[in-house]
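Each of the next two complexes has chain A plus one other chain: chain B in the first, chain C in the second.
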Partner chain A sequence: MTVPTATPAGTAPSDPRDDRAPGRLATVLASPGTRLVGKRVLLAVPIVVGVSILTFWVLNLIPGNAAQQLLGPEATAEQVRALEQELGLDQPGYVRYLDWLGAAVTGDLGTSLVSRQPVTALLGERLAVTGELVGLAFLVSLGLAVPVALLAAYRPGRMFDRVSMLVSITGLSVANYVLALLLVLLFAVELALFPAIGFVPLSQSVAGNLHSMALPVAAISFPLFCFYTRFLRGDLVDQLQGEDYITTARAKGIGPGQVLLRHAFRNSSFGLITVVGLNLGTLIGGTVIVEQIFALPGIGQLMLQAVNTRDFVVVQACVLVFAVVAVLANLVADLLYAVLDPRIRYGSR
Partner chain B sequence: MRRLRLRYSAALAAALIGVAACGGGGGGAAAPDAAAAGPPQSGGELTVLENVTFAGGWPTGLDPATSTTGGANVTQLSAIYGGLFRLAADDDGSNARVEPHQAETFELLDEGRTVRLKIRPDLTFSDGTPFDAEAVAFNFTRAVASPCTCNPRWPLAENGITVVDPQTVELRFSRPYAAVINSFPVSNTNWIVSPTALQQQGEDQFKITPVGAGPFTVVENQLSSLLVLQRNPTYFRQGLPYLDKLTFQSIGGDQPAYQALLAGQAQAYEGLSTTPLLEAAQQQGALTVTAQPPTSPYVIQLNTKAAPFDDPRAREAIYAATDFEAISQGLFRGLYPVSQTFTGPGGLFHQEKVEGYPAHDVERAKQLVGELGGLEVKLGTLRSYVAEQVMTALQTQWQEAGITVSTETYELSTLVQQFNSNQWQSMLQTAGAWDPASGVGVAFRFRSDSPFSGVADPELDQLLDSAAATVDQAERARLYAEAGKRISDNAYAPFGLAFAAASLATEGVYGPGLTTKIPPIVVNTGILWDEVWRAAPQ
Partner chain C sequence: MSELASESSNTAPAQRRPSASEGVRCELASEPVAEREDVLATATAAAPPPRRDPDRTEPLLVVDDLRIRFVGRGRTVHAVNGLSYSLAPGRTLAIIGESGSGKSVAARALMGLLPPTARVSGSARFDGTEMVGLSEREARRHRGADIAMVFQDPARSLNPTMRIGAQIAEAVRAHSDLPKAAAHRRAVELLSLVHLPAPQRRFHEYPHQLSGGMRQRVMIAIALAGEPRLLVADEATTALDVTTQAQIMELLLELQQRLGTAIVLISHDLGLAASYADDVVVMYAGRVVERARTADLFAHVRMPYTGALLGAIPRLEREPHSLLPVVPGQPPDLSALPRGCPFRPRCSSATDRCAEDPPLQEHEPGHWWACWHPLPDARPDAPAKEGV
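Let's look at the complex of A and B:
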């Protein structure tokens, strides 16, 4: 297969001597995809700033501050005031926020009020754990939900469909912390197949890492799997039963498997992508609880501890990370729409 | 074995859905017979779980002078630093006493105004530098200025810390303070850091990788998450510690900790307070459950400085409406004894009964409420399983007596706010310590000048001060008995269940404070980690 190229063979496209390079750059910059990404990135900035303002405001509404938490109930008012001064908590809220924001845009997320450790170092240690947990949970939940939903929708109302819907409803009815404890009970206590707590870094052992992440990932991904399965199966059945393009495809003699996979699933995947993007918040919320139960040293655990000690610098940083990840996930979802649907690409032109 | 596992899984599932395990009650798994297991064995590792909301949180590190959670982290600090003194007891928790540990001897002079500590000779920190009087004095000076909740609050005279000779440090107080020795194990003055290591590392790094002279040294420290320690080969006690490696792992609560123990991922858990789990563990027998002798009873603090409890009749009505015996039996199967004063059965100067303590009498309570023309009360407590259960039961009892009750559960910060604003009416709290004068002791709840007291009674202040100052133990006991009677006579605050958290250990793990009883000096028992050992698998 010949791949069409815009540059003659032997000429490096980035060659500064190539007088066509600026033209190509302008073409790339003017392309619908680039403009879409640019729009979304520009939109992301106020979203992230808005989230940080909201977080700061909420943290200020919570009674008590880091000084009071650190010193405990025995501390005198003078001791609390002295520590507030030392930590800069006596400054007005907007001053503290602007100080934080000013440093954050330069990549300096500050120093923890409680541990006095650089926040970037604290996050760095834990980002890999939470990132892996979230990534694996997405992979597992989607990787299982898509085939199960396709099979269920292929013959709706049959045994497989009924069983899968029963499992989905059950999964949606169980809170993930209860599920986590039940998984430990069954797979760690009773069957001794997986560890109940602890984390093995990837750098130490890949197998050990996956073994240690099995139950936390299952606890987070099972409710997601149930939700995705139920959602996708419902949408597929709607498409298959009520859409004209499906009737047309069938009239052309395309087999039911092809109709399901190449036509119905392609259309249903838009809804699934939206749901996956929107579900990221739920997923992140789930990590906070699950990391506590499985003693995983992730960002969720760090954030919960920081909330308890009113360490707003660390909480802000954690929320910032989560917000950026959520915005990026939605950006990826938007781009996937564009890939899947030419109308969106043309609309952005 | 399979059947046994299924049994405890079933009970665990019941606990998961909030159903208290039924049956027996009060019994409990027999303490393991360490003697039958043969002499203590050296070697092996142990992972101990700590609840992240208390001992499992060390967000400011483990330098006793800069840690603000030292009171909760006694277990980690004692493993790293050892301690000048420590609380020991016979296996059944009786005969509890504060013993010199890295200190060799002590003398109380000048009627308790002066304390002379002699440090053991030839002690060294794990970095090889000398652990002598200079090092101890350096640490005392840092500790006094510490923001830690466990700073010593000594009534120090000017230049009150002096080095007498290379092995002797002297403390001079502005007034007698005989309770100083008993206060050491819960104070940051007990943990002596290596001044050389501190200087070399700087404070910010030292709190992550502290250096002491305790049984273990720090290998890895992830704040409030994981602390890995290894045997200190230069530890001063010959042949100790038994363990090669000790790991503290934070965990999100009693339930996951219990399951992790059953799954074999850890071998010990400190601070179990969820009663259904405690009962399940006791009945199943798979773990050693050591319910520690309680030292700090619950108390219903009444704010006598404001309405409605500035009227003694309102306070008497609360005493008459309250039946802690019924709560103890009904909710906790008699697991926690009921106190009538600020001491528990495991503590010093405990007295079971206070003469003239107002009895439970609903009719009397109704009569008093009628005289008052009704009584509306706001009752609060800190969020915890036992406290919230007790608060709900109290609400029911008080309502039976015609008292209108609203309840509130607080986080620490909102609780502090209530006290500081003096808006509170009644609070269910714990009071006391192993020695009432140490830690968050009785004065904290009852002295006139404490912001967390609802009482302003100079005579009671005098009694508490004298009891803390007096060298003679019999006289201290008499003074505390008198203070307890004064609280009761004035209906300042009804006392209730004396609660202490339990320790859990898996089979083959033995050690003082873990599988034997040592009274909690304030909240958790101080496990003597250097003597904890594991039997080799059969």
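Let's look at the complex of A and C:
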């Protein structure tokens, strides 16, 4: 897999009045936006390569290899050696890594040592499941956190604010896998409202798919919801109480709702975007356990299986996906921030 | 105030800069000529009658025994302890004091902009309406429409993420039901009223694209959007360099003449008061220590605190490298005010008698001070114009 060299934000917001520039392309290439994107993408390359080296090294430290796992404990040393040779496991580590890297750069992530399927094919369908899980979790958590935080900040210290703070502190202190088990216990075992395990593909039935996703999404989004609510509410109250432009807005005689939405929320949303971007990177890795609990055929489950069978090709590929998503999420958050915040947008002119 | 729109093309700045001696002149365009001459006559008379007299102009703002304390965390801060003054339409009053003297807090109380920990008592009547104790909703009706404020730091007082045009238009629409397009036009008019070059283009810019002085002009445009009758300039020029400071003050005075707006000038700068105000109130530890017309005050300083403040102004005539005379000591802790005169611990003429509260009294016509041991009259070094 290669790092994408162009993102949709690549066409930077260039100044439309600036028509003395030599040419359209030159303007775009020289614009601070393009330079920012270019710099960030170039920085991502060593990060992704570093992560892949680290993973490779750690996998090598685990005793046992794929050949031993495939043949089982009964296998003779000769059989193992023969399979190692066939799989290329007899080569020294750096040779195997460079081979893998060379192929990966061209988009070939290799063939699974265990299932003998191309890894890219394996990843594709798994990524869709994890993507849906994470996407829904973000939608639900942000969709609930923003209105709750706004309501809490509208009247800080009142009943709604206190209850929402109590809930979010509770939610923050519970890990998502503990919550997942509790949800299974309550909604799947006791109430039998949702299935405890099993996954209905989107292509089969949309309603069935959502039904099977409900508990895993709830398990992931609740801690997120709590975190975003706390973060946004705190930032809003800080803005409302500490910022001079809020006083200016109030001095105009506009209502508290407008002060909150047009002034405080507008400025708080920048911080929220950054936090969401950082979260996205870590969250895609954090789904591993939840996918395991609910038996969702996502990328986390794939990786866990691959670790158990020492299928280093698949593990490498999964880790690479996590790393690229994390880097991209941060990049997109930064760029979004730059597009939305005029101070950054115009700052480098 | 309706001429605001039509006059926006007439941008010749008035070349008037009143000094202390002529600072009491009042050039209200809407006022009849006879009345203006009357005001002039009373101002130049040796002993002008106090404002309280049955004048033909009703005062716009009457603040009477305003007290503000902040309650919280087991201690009470007495920020304002009995502030009284009145202000006629179209006039300029300077409220002078150190940081923590309560001058800003008192102004914000007028608009109901204090945090919930503030306890306000006393009275502040704006055009007959009691402003103390208004509900948030009632106070909001007056904010911007009757009383507007220009704040100290224009870099922080404008929303950094909104275009300045939108911020002005928002103020325009806060008290009118103008449609968006009309509010937009009005915002551009206001920008040209405050002499911002290329207002049409500036409308679409963000605060960080403007200089400090330009930002303060935008703040003034926002303040004028609701056509207020009282403009409070809370240290409005403190964050600006001296040249810009003078330009902003000129602008405020020009707008005052054009629109008849009364101005409360909150500052720690005596020079600013001397140059631009009609009347001066000197505050210390939340109370008024001296109050007079500008000319009277600077010609005959009576309260030792005012005298000390005047002495602390750096002057060109002074010997180079000589120590600047400062007011010794610290302003008192507002949560544990001493008995009697609050300036007593720092005052060179303090005696045992100062443990008793000196009342603020009108010792000379129009000249009030709160001191048992006032300075002798007609000090030779009383300056006419300082600081700028």
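Just so it is clear, the second predicted complex is superposed on the first by the 302 of 349 C-alpha atoms of A that agree within 3 Å, B and C clash if a C-alpha of one lies under 4 Å from a C-alpha of the other, contacts with A are read in each partner's own complex, and residues count from 1 in each chain.
Rule of thumb we're sticking to: a residue touches a chain if its C-beta (ideal position, glycine included) is under 8 Å from a C-beta of that chain, and two chains touch if they have at least 3 such contacts.
Worth saying up front: this structure is predicted, and the values here are computed from it rather than measured.
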Simultaneous placement of chain C and chain B on chain A, clash or fit: fit
A:116 touches, of chain B and chain C: first, second, both or neither? first
Touched partner set for A:46, first chain B, second chain C, both or neither: neither
Which superposed partner A:189 touches (first chain B, second chain C, both, neither): first
Chain B versus chain C as contact partner of A:198, first or second or both or neither: first
Which of chain B and chain C A:255 touches, first, second, both or neither: second
Chain B versus chain C as contact partner of A:309, first or second or both or neither: first
Of chain B and chain C, the chain that contacts the larger number of chain A residues: B
Closest Cα approach, chain C to chain B, once both complexes are overlaid on chain A (Å): 42
Overlap of chain C and chain B interfaces on chain A (superposed complexes): none
Complex interface listing, chain A residues touching chain C: 241, 243-245, 247-256, 258, 262-263, 266-267, 270, 340-343, 346-347
Touching residues (chain side chain B, partner chain A) in the complex: 5-6, 9, 12-13, 16, 49, 52-53, 57, 59-61, 68-69, 71, 147, 149, 204, 207-208, 222-226, 249-253, 255-256, 259-260, 262-266, 411-417, 419-420, 440, 444, 451-452
Parts of chain C lying in touch with chain A, wherever the complex brings them together: 111, 113, 115, 136, 140-145, 148-149, 151, 153, 156-162, 167, 170-171, 174-175, 206, 208-209, 219, 222-223, 225-226
Residues of chain A defined as touching chain B within the complex: 62-65, 68-77, 79, 83, 114-117, 125, 178, 180-182, 184-185, 188-190, 192, 195-198, 289, 292-295, 297, 301, 305, 308-311
